[in-house]
Amino acid sequence: MIARIAVNQQPGNVPRTARKRSQWLLAWDRYKQNKVAVAGLVWVVIFFIFGVIGPWVAPSSYATTNYLMANHPPTWAYPMGTDSLGHNMLSEMLFSVRYALEIAVFASLAAFLLGTILGLWAGLKGGLADTILMRVVDFFFAFPAYFLDLILVTKFGRGLGPMIFALAVTGWAGYARLIRGLVLGMRNGEMVEAANALGASPLHLARKYVFPNVVSNMIIALAFGIPSDLTVQAALSVVGMGLNPPLPSFGNMIAAAGSNVLGYPWLMYWPAGIFAITLLSFLFVADGLQEALNPKGGS
Amino acid sequence: MPDSDAILTFDRVSKDFVVRRRVLHAVNQVSFSIPVGKTVGLVGESGSGKSTIGRLGIGLLPATAGQVVFKGQDITRLKPNALRPLRQSMQIIFQDPQASLSPRMTVGDAIEDAMNIHGMGTPQQRKRRVEELLERVGLPVSAADAYPFELSGGQLQRVGIARALSLNPELVVCDEPVSALDVSIQIQIIQLLQDLQREYHLSYLFISHNLAVVEYLSDVVVVLYLGQIVEQAPVEELFRRATHPYTRVLMDSILRVPQPGESARRFTVLKGEVPSPFSPPSGCPFHTRCPVAIDRCSKEVPELTLIGPDHWVKCHLAESAS
Amino acid sequence: MQTAWYVVKRLFTMLVTICVIIAVSYILMYLSPGSFFSVATIASAMSTLEVENPKLYQEYINSFLSRYGLNQPLWHQVLQYVWHSITFNFGNSFTYPTVPIINQLKTAFPISAELAFGAVVLGVVVGIPLGILAALYRNTWVDSVLTSVSMIGQAIPAFVTAVFMVLIFGVYIPGVLPINGWGTPQQAILPILALGLGNIGVVTRYMRGSLIETLRQDYMRTAEAKGVKYWSRILRHGVRNSLVALMTVIGPAFGFTVVSTVWVENIFSIPGLGSLMATAFVNKDVPLAITDVFILALLILVTNFLVDIGYSILDPRVHLT
Amino acid sequence: MADQPLLTVESLYTRFKRGTDTIYAVNGVSFSVSAGEVVGVVGESGSGKSVTMMSLLGLVRGRATVDVKRATFKKWELPRLTPRQLEDIRGREIGVIFQDPMTSLNPVMRVGDQVMEAMLAHQYATPRAAFNRTLDLLREVGIPDAVQRFRNYPHEFSGGMRQRIMIAMAIACEPDLLIADEPTTALDVTVQMQILALLQELRERRHMSIVIITHDFGVATNFCDRILVMYAGRIVESAAVAEFVAQPAHPYTIGLRSSILEIGSRGRPLSPIPGLPPTVTEPPKNCSFAPRCPYAIDRCREELPELRVLSPGHEVACHRAEEVISLAG
């Protein structure tokens, strides 16, 4: 007969996690491994810094014109050259960074918050509320966002505020659908069942169980959402419906350069180049986050 | 069968689900009760409704018909707010402890949160109790800081047990708590459950597909087939005199290690598989697979008949025999 | 039978959706302040005509007023407008009151459709093999190169790519390929490429991810255990199953391609729906603008519908309900 | 065992890279399977039972390194074969059945095509003949309406039926060896019996060797001729079933054996093996079971016990096997 050893005398090999490392630190460790993502993050951070300080370090206002220097290639005084009105392209660029970020970040955040709250609510509540919300979301998915944005800015104007509004209106549905899907998947799972069995109130359930388990997916979605808002906002300029001139924007600069590219190609290099690098960096960051936060889901 | 000594009574309980506009009768007119401090074992294959019954028993699902009575109170139609205080007294342990724990919460937080929800004790007292509970279920105190993915299945099941115990429940539904575990771990958990029952005077509803495990732990055994009780009896009675053909088949399906000198057995075969619960057979639900079915079985639904002390069987052949 | 019922249901939902889209567009454009369906707007769009031919001008004003029922209650206008749209009775535009919108669409639509179709085909034909390659050589330099390049394709919108192409083929190596207009096959190359690079990027990336996921599945090991040869395994089991997952991202990507044609047409001066749309919005030519949105939205809805049908053909588990 | 060995394996080692750790999954396993013999490989999860067999077939997943001194199957020396040559053996000479019939079949391919594919890959039959043979096979494994069912997809079958299809696929080219990796674990108990009965019937009819990997002593002792018990990547005991049942010699085998609840166990005190099965992250230098073993002495913690012959046909890897038998008996 094997001697009967009391079960509680054998600890088994529980990992010594006296460190109690937070999941976020672990994710950051994984993120750091990804060189491309780190490079993207560096650029994004620089972009944000210039977004904040740009207007102060700009050599002149975006509206200052110098007709004598119109359409001039880059010089020491005008490192990025000037356009047909004699605007200093460096100033235009620095202000553009500010406005681009302002619009993309505020629009994304507004859409994100609205989408998260509505998605959580619909997913947890279910029933009629869910059905109605999903019909609305379906509509927003069927109506191509770009066209609705076009109509909205035509209607409400092409200033900063209307731009943010338009992008937020078309953006929230994606977040709502994502989080609702995640919540629904979880609602039938054993984790939520277990929390219910413990007697958790709906609010407690949402706060302590559901939200912490969807928040990483939401952050990833937000990271993909910001560059997409940057793109749409600039794309409005292509059909002449971008930020109201003389306010500078990447879209306006690229559109203007596009029609002058044969004569004044320098108008193209900087705006299009920086814009492309920025979008790419945001994608690298989003992709890096996806791998770092969802180690199982990523490849 | 109301029973004053019972902590939980199912009285003609049914549960239907609607899946893609088709009705599924997951549980059909089920009645039994769990005496205080005893264990009722629920056996059946997939689709038998045993997990659904477990969830009905602690009000995680509302019954479609019938009554579920917990300590004299009908919980079937209680509002979630009224049910919440009762949750302390009835808990559940799941088959897959990994899935039932939040991956973003440490083990300690998970156990503490249970007490937190019910406002039990001060933060220090709760911390202390988490440590006590961990030790009681056989885990080192350091496990409190581990995340679920860092522990093995057996360790996680102990965490699940500790969390259920933290609320001082009187009734615990054990939903296949050992099925996903390794053989040598299964028996550790079974022993732990048994010790805890004695220590805290717990009542168990023990759900399993393994008759041997059920026999070891239960005082009363309920055998389910397609959402219906086909046989129910005190454990010794059932294993001495299994009457329903399905119960006998289940008993034959336990492969025992042959005794020295005994030759290996042929595998007895029950034809067919469990029919779809969406379209259950007419008459006795088991007649399509029953080795001894007669004409009548496909036409008439048998009644649950008393054939011995507390021994109920739902079979035409048993009816005529008794 | 079930499929037929599904198709009917889907077509009906599409009809409802498109009606709502038209109605919402109309209401947004109509609601004051700054309603576009007003005599003033119409008049300003037709100011030249007013001088040249005052009689005709007044006739047009009257016909617009009666067509849109501007003195009727809003709901009546909306219903009437929706009905007109879904029966393809678009009337005339403000800027060219003599030309029916449908005639403008007749020349513009095929151009945009060709462009979008070309870009989608390019994305699939190039993206799938590249994705397979990246998956099979994952974590090697081949994979790194393909993944980086496809991320560039995915990140940079078509209008930026298009502008770079104009720069390269207009300034540095002029005369190699035409950078504007439409009509000759050469003129199609750059726009389709500008549009298609994004699709190639998306398809490559998702094909890679999807195939890597598929290669991990148990049934891939079953195929190996059966002794199925390598390429047979990859193609019949791996790629076939990955395409199922790819289908879910292809729909939105193709929808985005349709949107991108608008940008690319403007940059390459291609007289498609996009160019039409740009002038319409800038000139506040509301009938033309909304009609254009309607046609493009319809194109996207039809694409998604076809993708769903394709999905159900590829995956027998998908029940169309 | 007068029969010629069909498969002989000597000193098989398999290790994995997992993150920064190296997992030593199989640590020097030697065994043989005779023609027509049914061998059960028993152990808990992580014991290396499945990895052992998959290593031989080149079917290990992940970043694995396999080292083996000798692995002879019929006329082939498995470690020397190219991947192409191994492909020719898999499915043709050795059939495999996996645990989870839900995920092991390709969901978007008709089941008939999947069975046929096994034959076509090896040019075992012409397409016409393979088609007819597939119908025969489906009937043989007990799938009614084979002609209609040929055209169905896996999701249209129950778990038990899918496992039958897996079996049909594995035996399609009449292999001499069938490896069944936990073939009944995912199934309902009554269906488990059906599958085991089917395998038993096929074995008798076709006279093939079977290696069945299982954690279930009940399955192993009733189904097999001989049993290998694995723990922490090593074979700790090997014996014919009769001997195995009469006189288990390794403390782990004994512990595991008494961990099994059977009908009639009620009231019997439980004697669980304390602790958890280890994850082996360095090559074993001593007995991996020693920390859980009630008979362990200093020698067990210092010296790796080799598999040694206890009596003809009964091998055990325990320094104190003889004492254990007398103490446990």
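Every chain is named by a letter (A, B, C and D) in the order it is written, and numbering of its residues begins at 1.
Assume contacts are C-beta pairs under 8 Å (C-beta built on N, C-alpha and C of every residue); 3 or more make two chains touch, one makes a residue touch a chain.
Just so you know, these numbers come straight off a predicted model, no measurement behind them.
**Q** Give me the fewest steps it takes to get from chain B to chain D if each step has to go to a chain it touches.
**A** Between chain B and chain D, the shortest chain-hopping route counts 1.
**Q** Show which chains lie in contact with chain A and also with chain D.
**A** Correct list: B, C.
**Q** Return the chain label for which the distance between chain Cα mean and whole-protein Cα mean is smallest.
**A** Centre-most chain by C-alpha means: A.
**Q** With contacts counted as defined, which of the two, C-D or A-C, has more C-beta pairs across the interface?
**A** Answer by contact count: A-C.
**Q** Roughly how far is chain B from chain C, centre to centre by C-alpha average, rounded to an integer in Å?
**A** Roughly 55 Å, centre to centre.
**Q** Could you put a whole-Å number on the gap between the CA centroids of chain A and chain C?
**A** The mean C-alpha positions of chain A and chain C differ by 23 Å.
**Q** Averaging over Cα atoms per chain, report the distance between chain A and chain B in Å.
**A** About 48 Å separates the centre of chain A from that of chain B.
**Q** Would you pick out the residues of chain C that each touch at least 2 other chains?
**A** Residues of chain C never touch two or more of the other chains.
**Q** Among the residues of chain A, which ones contact at least 2 other chains?
**A** In chain A, residues 7, 10, 12 touch at least two other chains, as defined above.
**Q** Two or more other chains in contact with one residue: find those residues in chain B.
**A** Each of 152, 154-155, 188, 191 in chain B touches at least two other chains.
**Q** Across the complex, what residues on chain B touch chain A?
**A** 55, 58, 60, 83-85, 87-88, 91-92, 94, 96, 99-106, 113-114, 117-118, 135-140, 142-143, 145-147, 150-152, 154-155, 160, 163, 167, 188, 191-192
**Q** Under the definition above, what is the set of chain D residues touching chain C in their complex?
**A** Residue list for chain D touching chain C: 57, 59, 61, 83, 87-92, 95-96, 98, 100, 103-109, 117-118, 121-122, 153, 155, 166, 169-170.
**Q** What does chain C use to touch chain D in their complex?
**A** 216-219, 221-230, 232, 236-237, 240-241, 244, 314-317
**Q** If you look only at chain A, which of its residues touch chain C in the complex?
**A** Checking each residue of chain A against chain C gives 36, 138-139, 142-144, 146-147, 150-152, 154-155, 227, 231, 234-235, 238-241, 254, 257-258, 261-262, 265, 268, 272, 275-276, 279-280, 282-284, 287, 299.
**Q** Under the stated contact criterion, what part of chain B meets chain D in this complex?
**A** 45-46, 152, 154-155, 182-188, 190-191, 194, 209-213, 215-216, 235, 239, 249-262, 264-270, 273-274, 289
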